[in-house]
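Reviewing the structure listed below.
Chains: A, B, C, D and E, in written order; residue numbering restarts at 1 for each.
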Amino acid sequence: GSDDDDSDAGSGSTAGGGDTIKIGIKYDQPGLGLKEPNGYSGFDVDVATYVAKELGYDADQIEWVETKSADRESALARGDVKFIAATYSITEERQEKVDFAGPYLLAHQDLLTKTDSDITEATDLNGKRLCSVTGSTSAQNIKDEIAPDAQLREYGTYSECIAGLQSGAVDAVTTDDSILAGYAAQEQYKGQFKLAGLKLSNENYGIGVKKGDTETVNNINTALEKMVSDGAWDTAVKDNFGPADYKNEPAPKIGDIVS
Amino acid sequence: MSSVLYDAPGPRAKRRNIILSVVFFALLALLAWWIYRALDDKGQLEWALWEPFTESEAWTTYLLPGLGNTLKAAGLSMIIALPLGAFFGIARMSDHRWVRIPAGAVVEFFRAIPVLLLMLFANEFYARSTDVSTDDRPLYAVVTGLVLYNASVLAEIVRAGILALPKGQTEAAQAIGLRKGQTMTNVLLPQAVTAMLPAIVSQLVVIVKDTALGGVMIGFTELLNSRGTLAAFYATVIPSFIVVAIMYIILNFILTSFASWLEGRLRRSKRSTGAVLGAEDVEELNAAEIGGAYGSGASA
Amino acid sequence: MTKVSVAKEDVAASGDLVVLKSVNKHFGALHVLQDIDLTIARGEVVVVIGPSGSGKSTLCRAINRLETIDSGAIAIDGKPLPAEGKELARLRADVGMVFQSFNLFAHKTVLENVMLGQIKVRKADKKKAEEKARGLLDRVGVANQADKYPAQLSGGQQQRVAIARALAMDPKVMLFDEPTSALDPEMINEVLEVMQQLARDGMTMIVVTHEMGFARSAANRVVFMADGKIVEEAVPDQFFSNPRSDRAKDFLSKILHH
Amino acid sequence: MTKVSVAKEDVAASGDLVVLKSVNKHFGALHVLQDIDLTIARGEVVVVIGPSGSGKSTLCRAINRLETIDSGAIAIDGKPLPAEGKELARLRADVGMVFQSFNLFAHKTVLENVMLGQIKVRKADKKKAEEKARGLLDRVGVANQADKYPAQLSGGQQQRVAIARALAMDPKVMLFDEPTSALDPEMINEVLEVMQQLARDGMTMIVVTHEMGFARSAANRVVFMADGKIVEEAVPDQFFSNPRSDRAKDFLSKILHH
Amino acid sequence: MFDFLEGYDVLGAFWTTVQLTLLSAVGSLIWGTLLAAMRVSPVPLMRGFGTAYVNIVRNIPLTVIIVFTSIGLADIFRVTLGAADDFEALSFRLSILGFVAYTAAFVCEAIRSGINTVPVGQAEAARAIGLSFTQVLWLIVLPQAFRSVIGPLANVLIALTKNTTVAAAIGVAEAATLMKEMIENEAQTLAIGAVFAFGFVVLTLPTGLFLGWLSKRLAVKR
């Protein structure tokens, strides 16, 4: 943290200046936001990079900041980051605390299973072992509403769920299909897992911005529209989710929140 | 040579020991085999899972920065906790009630509470009541929790270090006319500090281990937490755990060995009264001893 | 042994140096000092003997105020014992004390042990303090050990250093609490010789000891204590050959001739 | 004192009770026992003296196999010292040992200390054991302390209990390793008296001690050790008045007349 | 004033903490005693194993051990402790297993140091009157060692009580888990902190004082 002097992250957004911009992403989500030895990869990262470019920052002016799920609102409120692209679903609750640009991706809660698994419906989960991360509501929903006899196993991270799936400790992992696809697409797991393709919920990924910063919201929305229209969005989807048999939704319209 | 438990062994005892060794060895081998089989069955021994750890990037991107943060938090905590602990330790031995009792209460309070709760609480406190940036907050919270707890433990180490000195040292100093302050600075503290060194070093082990709480519970990117990021990238969960555990073991083993080397050196040293607080006196110094320590110093 | 002046001015002056008046002291329910009256004149050597637990050490320590007393009065050189602070420290410097367990400062060399008090209490400069310390170490016969640490010395040598450390403060009176009873038999004589020389030089001394040889040859007076009381006082010859009290007779019979 | 039979059958028999033949023992590089040859006859009282570190304790402990020896042979009553197990335990019960630091069982009362061996080793029944224990405690003069714990007794009393504990096993020989050197002077005699009585009763005894009075009056023979060797053996009078070796002369000059 | 407590089962969470503590304490006492027996055994290999175990386990953060029981033991080694399908019970039992593995190292050291406080002279005196190995052990050494071990063991127990909070890392619903949840949902951070701090003070301080008193009372006077 030697950069406290720049606490109002990149507010001097005069294009191409010597300034940097701080952007919040996930570090441990393959396909979305992943810290790699030589940089950062993932769909969120690509979107954020494109948006930053439109806001006037080159890739080398971006300072990536890890924003874990629980930290996202407060990081924005305090101005630690300019914006956040970190599997951030737009919800009414969150909209009270932060503003969202986008959505830029429509994801759905889904199940990941082994390729040879016979789980095709959520109800098949009855009597099966389902994995999710500690405190996640998506798994609880399945147990409460769809498959009351499912066994819920909670781990600290999705990586551990996936490892459990591979070793046979659990039968299925549930969360957003984009996240699951990211894992399934990883070199080490290629060909071992499949998505069930169930649309158990709608997750509208948006870019979080400090409450009231309408100017940035508008700028980002413009950038997102451009990204879709010039084909960069499609490329990003192909690059990051391509290896999994992930059938992505078409690019959502700005402000068009599917509930 | 005989010990408390065993007589000097005769030929029959020696033979029996050899048989026991063989049986025990067989048991250990069986256990090792079972572990090997289980790992192999689950494909955990595949080279692909272990290969990342032979690549320098895995170390420079994840493990070493994580280790750096672990050491940074541990070092900072120790540096801040030491003077604080010394202060409370000496305050607790004051002749004045109104100094001694509050100091004792503070020390006892923070020793009774889990470090994890202190960290969670500090994290929330910084988030709500200060404008420490999110980057720094986990470090602040971890260090705060560790300092509060360890200063209390160090306070007890300091006190024990001074009490461990033979009473004759104080009396001899007073007998040649040294005053209270002079006795403390010229005679007691220099000897107590030496006596405490091994205890302080081994307290570092406790601190290093406790930094991991910050990784799991408040997202401080120390070694254990960096393991998570690494595991996500290389998709190698169990091996990453094993590697990280080994790193902790080596790091702490170095510290423990240093502490016991120091302890041995001090005990043998011609410059001490033989009063040394060893590693074992510290590991979990706790309320029970303290309850006793309120009593008179005259235990026969 | 080189002679170093031992508080000569005191020897010249007259009068009582240490005066205890109806001193009482309890440890909880135990009445360890019961109405003790004792006067020690300048230059006098008094040996205190008595069974274990009779209060000899407590008496010694009370004179130096290492133990507080419950009632009564103690005066050194005419001045009552101060209760605390600077005055107490100053008084303690005037009263040398030698312990059964030596109590040399373990983290300091022999030389530093003897210099510490001079520098910190007497505010002597370092060079003078060292000179004097070396002189004293020579006097007690351990000059060649000056740079060693206490733990490297034999018990007899340590005790002699402890004596030198006390002498370095130019004390008016020296208290010895069983100075030889922690020593191996072969080392007892070397310490007793130093004490004997000190007595001959005119030092005022209070010595708790069981060494009858020393008492006979060096003491002006023997004080016999039992159960916290002074039971008998006499010149050594009289005390050893013809003790008056039964308590003393009994004690002597136990301690002699084995 | 009530008399309790002390291995009377042994006193009657003739011959050597303890025999050491060219016994060697090292502690690391230190050669603590060097070719020790020593024979103790039934009923004999042998005092072992010598400077600190000369190997006296090690010698005592080797006879009881508390220390193993590197070479040589030790035989008690004609039988070689067993290496372990039941035989060793049985032999040890026949060899009483009294330590410098008493080593009474801290968690048992005085009476229990004396009864324990009788019940557990000699398989005596409780009542008989208690009777005998009380007799022995009476004999050593601490009958009134039977229900106290060791820490509540003075050193002299503890040591006498330790002697009673050893006697309770009806040992053939008693080893004493500096039994009085941890004691206050007044207590030394009470222990020595018990030992003297024991000697008069015909007990075979090996006593490491610096108490010359005891050596003179009770010993049949004095063995002088230095640096792991037996330097001189003689009857007490001859040894004290006219030691042959320089080592012994030097040692005696240090230890006497202070 | 304490209305923020509504809807939270604080007592239940502390009850879980107490259960974790007690069950782990019993387990680690057993395993720790076995380890101590190995560490003081005359068989070098057993001593070596005991020493290695203690030195390895003591140097690993408890968090690592607890998390490893979950993803390592349960998933890879199939150690499910009879709760293969009831994951709530599984993580509860696994965390106990982790606490036992960890705490036993400290119990072992406490026992070993207790044995070391018995002066060799006691054993030698016992041997000298002809007591056998087992007699020396059961009549003389262990009774004395036991008394001096109460104090150190009390410390281990108190440390264990506090350490159970680490079970939060694998989702056991004990005090720390609840505190984290409450802090996220409620505004009265300070009050929440105070409630949980008080809970632990109540759990640990009396234990410490009582066992401290007991160990003083039973101490072998020397």
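Note that a contact is a pair of C-beta atoms (placed from the backbone, for glycine too) under 8 Å apart; a residue touches a chain by one contact, two chains touch by 3 or more.
Since we're looking at a predicted model, the values are computed, not measured.
> What's the overlap between the neighbours of chain A and those of chain D?
Touches both chain A and chain D: B, E.
> Would you mind naming the chains that touch chain C and likewise touch chain E?
For chain C paired with chain E, the chains in contact with each are B, D, in label order.
> Could you see whether B-E or A-E has the larger number of C-beta contact pairs?
Between the two chain pairs, B-E has more contacting C-beta pairs.
> Quote the value, from 0 to 180 degrees and to the nearest 5, of the angle by which the CA atoms of chain C must be rotated to coincide with those of chain D.
Best-fit rotation on C-alpha atoms: 175 degrees.
> Rounded to the nearest whole Å, what is the centre-to-centre distance of chain A and chain B, using the mean of the C-alpha atoms as each centre?
39
> With chain centres taken as the means of their Cα atoms, state the distance from chain B to chain D in Å.
48
> Pull out every residue in chain A that's touching 2 or more other chains.
Residue numbers touching two or more other chains: 70, 156, 160, 163, 167.
> What parts of chain E, by residue number, touch at least two of the other chains?
Residue numbers touching two or more other chains: 67, 71, 75-76, 119, 122, 124, 127, 169, 221-222.
> Would you give the residues of chain D that are in contact with at least 2 other chains, written as numbers and ranges?
66, 151
> Which two-chain combinations qualify as touching?
Pairs satisfying the touch definition: A-B, A-E, B-C, B-D, B-E, C-D, D-E.
> Help me check something: in the complex, which residues belonging to chain E touch chain B?
Those residues of chain E that touch chain B are 40-46, 49, 55-56, 58-64, 67-68, 71-72, 75-78, 106, 109, 113, 115-116, 118-120, 122-124, 127, 133, 136-137, 141, 151, 154-156, 158-159, 162-163, 165-166, 168-169, 175-176, 179-180, 183, 189-190, 193, 196-197, 200-201, 204-205, 207-209, 211-213, 215-216, 221-222.
> Help me check something: in the complex, which residues belonging to chain D touch chain B?
That would be residues 65-68, 82-85, 88, 151 of chain D.
> Going by the contact rule at the top, pick out the chain B residues touching chain E in the complex.
Going through chain B, the ones touching chain E are 2-7, 9, 13, 17, 20-21, 24-25, 28, 35, 38-39, 42, 44, 108-109, 112-117, 120-121, 124-125, 128, 205, 208-213, 215-217, 224, 237-238, 241, 244-245, 248-249, 251-253, 256, 280, 283-292, 295, 300.
> Within the complex, which stretch of chain A touches chain E?
70, 129, 134, 151-156, 160, 163-164, 167, 169
> Taking the complex as given, what residues does chain E use to touch chain A?
67, 70-71, 74-76, 85-87, 91, 169-171, 184
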